[in-house]
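Chain IDs A, B and C follow the sequence of writing; residue 1 opens each chain.
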Amino acid sequence: MATPPVPELLKTHLTKLAESDERLDGRGRFEGRDVIVETGVLARAEGSARVQMGDTIVLAGVKFQIMTPYPDRPTSGGFMTSAEVRPVCGVHWEAGPPSPEAIELGRVVDRGIRESGCIDMEDLCILPGEKAWQVILDVFALSDDGNLFDAFATAAMAALRTAIIPGERFDVGEDRPLPVSKTPMMCSYHRVGGRFVYDALRREEIGGGERIHITLGDDNHVHSLQKGLKGAFTAAEFDEIMEHARSRCAELRDLVNN
Amino acid sequence: MGGYSDVQMIDENGIRVDGRTAGEIRPVSINAGIIPVADGSAEVIWGTNHVIAAVYGPMEAHPRKIQKQDRAVLDVRYNMAPFSTTDRIRPGFNRRSREISKVTAEALESVVLTELYPRSKIRVEIEVITAEAGTRCAGITAASVALADAGIPMTDMVISVASGKINGVVVCDLNKEEDNYGEADLPMGVCANSGELVFLQMDGDLSPEEFQIAWDYNMEAIAPVHEMMIDALKRSNGGDE
Amino acid sequence: MSDQNARGGRDGRGTRLVTPGASLGASEGRRIGHGVVENEGQLIAVKLGALIENEEEVSVIPSHTRYTPRPGDLVIGVVEAVQSNLWFLDINAPFNALLPMSLGPGKAEFGGARNVLNVGNTVLCRIQEVDETHSSVVTMKGLGLRRIDSGIVEAIPPHLMQSLFSDSNVLKSLKSSTDCRIILADNGRMWVDGDSKSMSNVISKLEQIRAMSRDFSSLESMVEILQTEVY
């Protein structure tokens, strides 16, 4: 990702706004942008979703392949996530092999879903030791105005929850919905003007500091955490955002499940 | 090309599998300004094809070795999203995408007034979200709309259509099913107003007579698609004509 | 081809939107303005935008454009890189502008350029010269030209500058209605300073303008937004 210098004025202004607990676009500190979720948007994917949060737009597509189970888990299927942040989604994303930022995005989204156990890997087994389904989740950014993490994670769950295992096409039984038992959701926080805010805009990301990503399961169990970028935070700060994450993840979960 | 096959793709009345006549194109819809953070953008939905184009720039060309001292370069990237086809596409380098990017750039450079922006580049990002058949044509068409939407000066807009042959019959704009049994493919990129060609490829087998029919089908499809491009730009740019 | 030259009246109604390649009729006796070229006796639009035809000339006001520097333009730049005797400034144009030490805000010892202006600093400067490849040299020698240390810089679509602010009262009432200090630069940037509530007012007005910037029929509403008192 190209990183032009951060204008000092932007940082100063963000700090000034923080003093009166304001944000660039008038939102409250923990107020998210409206989230619009659409499913079934990709004709060639077995499950798909489009998520829009302000000017941030992403797609998620689920595909299936037949794999040979790993020798140590002969009755298990597979799950893989790949994040495509191509230069189509913003002038600051450049062409070439996946950047460390894009790889981090894919891996953090992957961990939250994988560790929640929302996909029953045993259920993906077709023939023990020989054949199993591999679920491949591709998240794809169309327009980046900040917080691709949450957009990706939300689109990913919406796509998985509507995915159909294409048994007929692969001649291994009937088509059936991919069983997804839980809906892990991610909430991301950026340090902007000294304090953490939820669902940062791109300009807040540019002028801000470190970020924290929290993925919570249905029962508020923690499934993945990630701290990114330079900076240090206190336990008290973390408690505060975790408390917000619990209520916000529940809201997002309702949105995706319905 | 799938080559000759005895699978019947056209009935005795000349009607194709999806109900079209020989010279008819698939349903098309075009929208501009769909990517808020881009300088210009467009989507072309052509049958089941869904192709998105974004334009950024002009900006300084990097690395310096790609700079042209007397004009801008069009930095075109055609790419198929992993979920765009029935069998997932692995992301990464791909010779087909490179070739399509190259011929697309050359087609568009023929109409963009690149000499106004020496040493710059104009980024054109073409992403195939859903592929049916004819994605390169839809990509060129989408890129034309996105360039206009970005305010890039150009003498004309390019519309691209392909015709081909199935069961020995020349037809316009093959869909996926027809393409699997296609015996020829003739994609062309035509300037809407001047009628000049800026993009041309062909593979397969066409007699001189068949070639002429395929050529004419493509030419006839230009004007209606051009109207849709103009309409898309007007809708997203407050035209009230 | 300077987009800032493309004059448009404030009245957006009845404008005809043209697309690149559109034929505009015979060229004989008509002067070619912005966004128009002549080919074999015919005028052709080369940009998407509103067609302006009057006795003097035929031109197109683009509905989106990048800033193209012209000598004399007042611009707001951000320092992108520092070398021993010059600075590189992002001025919202395709190319960075050069600010040589001799035209900078102050003298520095060799190697001390960074102490005068550092990466990330914002400056108000003027375009001194532009070469044929649009590379430009800027100067900070002149009345009011300086480093800016407070406030914020907001984007404003370059193609709207002329249409929105040709009447100087628009900027005046924006300043008075929001109680902000404002400098409108030619490169699609506006400097805004005041207390944080006043600044937020201006920022939200500009946000609205950017959202409708491509729609010529809403020029009047844009002017109205800029002039409306905020309570």
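Some points to look at:
We take it that a contact is a pair of C-beta atoms (placed from the backbone, for glycine too) under 8 Å apart; a residue touches a chain by one contact, two chains touch by 3 or more.
Quantities reported herein were computed from a predicted structural model and do not represent experimental measurements.
Farthest from subunit C, judged by the mean position of CA atoms in each chain, is A. By number of C-beta pairs in contact, B-C leads when B-C and A-C are compared. Here the CA centre of subunit B is 34 Å from the CA centre of subunit C. As a whole-number value, the distance joining the C-alpha centres of subunit A and subunit C reads 37 Å. For subunit B, residues touching at least two other chains, in rising order: 59. Not a single residue position of subunit A touches two or more of the other chains. Those residues of subunit B that touch subunit A in the complex are listed here as 35-38, 48, 50, 52, 54, 56, 59, 75, 77, 79, 81-86, 88, 91-92, 123, 125, 127, 129-131. Within the complex formed with subunit B, the residues of subunit C that make contact are 1, 15-17, 19-23, 35, 37, 39, 44, 46-49, 62-66, 94-96, 132-134, 159, 214-218. Taken together, the subunit C residues at the contact with subunit A in this complex read 78-80, 90, 119-122, 148-153, 196-197, 199-200, 203-204, 207. By the touch criterion given at the top, residues 4-10, 12-13, 16-17, 19-20, 22, 24-26 of subunit A touch subunit C in their complex. Looking at the complex, you find that subunit A touches subunit B at residues 42-45, 48, 55, 57, 59, 61-63, 65, 82, 84, 86-91, 95, 97-98, 136, 138, 140, 142-145, 169, 202.
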